[in-house]
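Each of the next two complexes has chain A plus one other chain: chain B in the first, chain C in the second.
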Partner chain A sequence: MKNKALWIAVFLLPTIIIFLIVFAIPVITVVYTSFFKWKGFSGNMSFVGLNNYIEAFKNDSTFRKALSNTVVWILLQSTIHVGIGTLLALILSKKPRGWKFIRTSYMIPNIISASALAMIFLNVFNPQFGIVNSVIQALGFENFAKNWYFDFSTAFPTVTISWLVYAGLITILVLAEIMSIPESIFEAAKIDGASEMQINLFITLPMLRNILGTCVIVSATSMLKEFELIYLTTKGGPVDLTLNLPLYLYKTALIENNFGYANMMGTTLIIMGIISILLINKIFRLGKSDV
Partner chain B sequence: MDMLKAVKELNVQEPKIKKDPKLIVLKILRNIFLFIIIAISVLPFIWIFISSFKTNAEILDSALTVPAHWSFDGYINAFKLSPLHKFYLNSLIVSISSTVLNVFFVGMAAYVLARFEFKFKKGILLVLSLSLLLPMTSLIHPVYMTIKKIGLYDTKMGLILVYTALGLPSSLYILRSYFLSIPKSIEEAAYVDGAGFFRTYVEIIIPIAKPGLATAAVLQFLLAWNEFLYAIVLTNSQSNRTIPVALSYFTSQFSFNYTAMFAAIVMVSIPSLVAYVVLQEQVVSSLTAGSVKG
Partner chain C sequence: MNMKATKYLALLLILIMVFTMTACGSKNTDQVVGSSEQKEPITIKYPTFQVGVNTSAPLLKQNVEEFNKLYEGKIKVEIEEIPGDQAYVDKIKVLLSANELPDLIYAGGYNLLDSALEKGAVVDLTPYLEADPEWRAMFTERDLEFNSRDGKIYSVPEERQLVGYFYNKELFQKSGINQPPKTWDEFFEVCETLKNAGVTPLSMDTADTGWLTSLWLSSMIGTSGQKGNEYMNTMNVDDYMSAEVIDSINKIQKMFLNYTTPDAVGGKYENGANNFLSGKTAMIANGPWMIEDFKDTTKAPEGFMEKVGVAIYPGQGIFDASMLGYFVASKDKEHADAAVEFVKYLTKKETQLKGLDFMGRIPTSPDIEITADIAQKHPLLVELVNVSKDAIHSYNFYQSLWYPNVLDKMSTDYPALALDKMTPEEFAQRLTDTAKKNN
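Right after this comes the complex of A and B.
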């Protein structure tokens, strides 16, 4: 083969160029400029060391709220969200009537654009004509009126619901893994007199350790990317009750043009991602065999 | 055959120890759970769909009625009140272009990374895969700045470039695994026959790898079609905005025309829904392959 090395380079080049423009250079920029005071489009940057970080963690209560919301959502998503998806996968793996239909329907909210889902939810929970309030009123609470997304007492849970209960991806991933377990293992357990519950708890779940770890990583890190479902509903409000880091970053960068500070948040998000992945890897001993 | 199988399965399913009250309670709980799952998945969408055929007055009057006359006014108004057809076209252009570019370019890289040994190969593979774990929300400002600097701000080209990159890590993983599963002897025969490197890739590898390419393409298309964050960050004019962004514009534009807004939501969701239902097995396998990194 002539010029093999040249061809390899040519084949790699487009991907590497795209990678550099959209990932590599931006990551370096985010981390580097997080140590600068850099406001507006003038291009005046002054090195301030860790000041952006200190300012955020010490004095910026909005940042702390956005950070704590993000952490709470990561915890909820890695536990309840993965739990719901896994429970459904365990049930569907027994192939009850209509299991394929359920698997398909449950993916719908995950497959349509999150912006469409946000708009659907905004209307479902609309205080005037939303179906949630209408159903509650029809059940006899005629004067019930709740502005779910904009009331202090309900904003956080209402926003959370819009991703917490939709674990279609988790169900699909876990279900695929369960179905790859050889049938003979379950049969042997049945012959030994194990009940269905015992089989689920002591045979299936331990065999799912790796996929569950992956699911927890996918779910936890998805909360570092959550944007539309907040931006199109509460916009982080009321006050900053439902603000998360991506949304605060977006506002800081594109509305206040406070670039150094925004990139401090970008760096924080990257670090949170790395910590989550390392921690989950450790908890689930990913990539290690059981023996 | 399928019927027979189904009947057999049903028979196996009904547990013989049906009288155990604990089992009955469990079964009821299971059915309630399944019912709730179906309800939360489809009811909101069905409600939006039915409401999109109501009049504004009917929507405000009661959420629990069906329209007196099924009218398409909402849909007609949605197109009248906004350049919805333009947004549709933009979404199509951006999604199709980024899918073609992504699968073509990443396919080339995945091919050499699957087949050949060269310096820094492991390093390149590791660095490219790491981007899968990167929260893209963290890069809003530098991506915005870079795209502005290279003159692609508020252009479809800018969106295409960024979307091509967003799907890079998962496409690389899917395609590389696929190429690894193709026996090497097939191309070796081609090389012996004197075919060049590029020709071998285009004429021999691509046709064999079609299922793998399709899997990557489905995932990439859905990603591009549904993407919202970078669409609002990188565009600001109607002439370049995509369908998901159009919705946010609908909220203010149509604040008093609910019918049109409901119709718009339906029209934004339908393409992804149809793509999903038609290509279901493909989507499921690409999601499984794309999320479970090696």
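Right after this comes the complex of A and C.
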């Protein structure tokens, strides 16, 4: 037994070493330096305790805006995005005509690079020649020239749409799980007189608890690192309407060279991630049996 | 026994994998150090934004090819393509943070030098310039002073940037305008006249520091009087609340609201350039590097070049200032020497003449004159040099003068100003608050 434990430890050691070097030590460095005033490239750092955090939460309206945007996007992505993906998976599980084509084509936005997607959306929503405005103009509104990405009323929803409805990954995961549910359960329910809606609500969905929880975790945490689509479209503008915490971190570190403050944001993101995962685990009782 | 052998074999494989990864990670370092023992040429890493559709791309490519041929076996320059000015600036900053600056960096007017100097990553070029008086004579004292810090010369420019604005003579004539405006009041009258004639007056933008827009803004400040002109020749200002600046921002707002295309808000330089090149707008603020685009039939219609005129800014102003150029960040002397050789090649008289001939790039050297042949080939450039003599106010580029976070704030706040969601005073205050974060 002791010999076996030793072998397990030996085999795990390279992975642990790599994990420590590549992940753990940098994270500890980020958290540690978030308590320092560290600006510029001179390497001079001075300990300031919680000052960075107090400054951010109390006096920095841009930080508060970025934080609130991030939280809103986490909530939207966890609910609407997962909801859309699940709904489509439930529909596709009935294998309607062309279901394989729909399943594949719906994945396309998820496999295109974020930079290509951003360029596509910039052109689609271009106020002068974008297809959205062109269609609206063709419907009779000849002078319609909405600047979707930079108008105050539409900037946030337009950026949100870039990722909210493209739930191809969620669909694939949930569909795979639905396909693994034994047919006999559905047959038994039908024999008992259950309708399709009742089957979906009271049998299928409860059985998808674990995969749905996983999808919610994946969706929520994706918003903690969403960067490219915002950077390549609005860069967080107009003003700070579409700014999120990762982009603000990037600007603070690489434009302002304020590394201590940026690491404070990094630490905040890590804490938000841990809280999100713990909360979602609790809500969905992940890993626990259905009984 | 078999189980034990399998375990040992598996362990050995894992260790080989780990050591291989470690060895791969240090491979590049081994190639850099101890190059005197190598028979391979010294490789100079040079990331650049002068690639792709950038107007300087063909010239740089030619220069690199010729240099590599000339120094075959001794020095090899390797380009890393980074399309887009802002992407390039961001990349250099990331490399600086990681202490992995390439051998050669072209500041291109952006203030990358001071950040690199803070980290002690820049090679002092003074000894190289002192050892080669012929090379030193390529630069004016004003340029060398601008590229110096604490009495040491750290970078050298490759061109003189004389920037006015271009206008479409055909659209002007169609609208009944005989000549470019001389004052800002006349400028707005011209815009109104163009608009009434069904012509969109201006190409503007907001993305990536809003280059096209910010040139107008800077010129308005720079021609507003002595105070404004001093402001546009001062580095790292942290107060944008002066009357000159707010008045200029007010004018910019007026231009956005009345005299430009819908896609200016949120638009990049390319949108604005395309609007001018396709004849949709009548005026665009930009430098002589754009002249080649007027002849390029993949970008502009045939004969477009003949329709373009160039002018100095109303108030008799022009951008004519020193700019930050090439600096070397090699970690060892051999690479530094090789990088300096390449910089010498890029800035020597023949290459500057080639730039002038090839794309109308104005040489930094005061001894290089525009010959009759070149004048015939680049009439618009000659026109620019001639009109620049009428300028009484000259000023520097906002990108060189203002803090990077202020440039970013301008870009994200321009849309609000443009859509009348922010007053000029609020815009100026936000720039001031942002600038003060650097103190």
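Everything below uses one rule, namely that the second predicted complex is superposed on the first by the 269 of 291 C-alpha atoms of A that agree within 3 Å, B and C clash if a C-alpha of one lies under 4 Å from a C-alpha of the other, contacts with A are read in each partner's own complex, and residues count from 1 in each chain.
Just so we're on the same page, a contact is a pair of C-beta atoms (placed from the backbone, for glycine too) under 8 Å apart; a residue touches a chain by one contact, two chains touch by 3 or more.
Just so you know, these numbers come straight off a predicted model, no measurement behind them.
In the three-chain model built by superposing on chain A, chain B clashes with chain C. Of the two partner chains, chain B is the only one touched by A:V135; chain C is not. With both complexes superposed, B is the one of chain B and chain C in contact with more chain A residues.
Of the two partner chains, neither chain B nor chain C is touched by A:G49. By the touch criterion defined above, A:L169 reaches chain B but does not reach chain C.
Of the two partner chains placed around the shared chain by superposition, chain B and chain C are both touched by A:W7. Contact with both chain B and chain C is seen for A:A253 once the two complexes are overlaid on the shared chain. After overlaying the two complexes on the shared chain, residue contacts for A:I18 are found with chain B and with chain C alike.
By the touch criterion defined above, A:G236 lies against chain C but remains apart from chain B after alignment on the C-alpha atoms of chain A. In the superposition on chain A, A:G193 contacts neither chain B nor chain C.
With the contact threshold set out at the top, residues 7, 11, 14, 18, 128-129, 253-254, 259 of chain A are in contact with chain B in one structure and with chain C in the other. Considering their complex, residues 9-10, 13, 30, 33-34, 37-38, 40-45, 47-48, 51, 59-60, 62-64, 105-106, 108-109, 111-113, 116, 118, 124, 127-128, 131, 133-146, 150, 161-162, 164-166, 168, 172, 191, 196-198, 201, 222, 225-226, 228-229, 233, 243-245, 247-248, 250-251, 258, 261-262, 265, 268-269, 272-273, 276-277, 280, 283-284, 287-288, 291-293 of chain B touch chain A. Listing the residues of chain A that touch chain B in their complex gives 1-5, 7-8, 11-12, 14-16, 18-19, 21-27, 29-30, 33, 87-88, 91, 94-97, 101-102, 104-109, 111-116, 118-124, 128-131, 133-135, 138, 165-166, 168-169, 172-173, 176, 211, 214, 218, 221, 224-225, 227-228, 231-232, 245-246, 249-250, 253-254, 259, 262-263, 265-267, 269-270, 272-274, 277.
Of all residues in chain A, those touching chain C in their complex are 7, 10-11, 14, 17-18, 40-43, 126-129, 145, 147, 149-152, 234-240, 243, 251, 253-259. Listing the residues of chain C that touch chain A in their complex gives 7, 10-11, 14-15, 17-18, 21, 90, 93-94, 96-97, 115-116, 118-119, 206-207, 261-263, 265-266, 404-405, 408, 411-416, 418-419, 421-422, 437-438.
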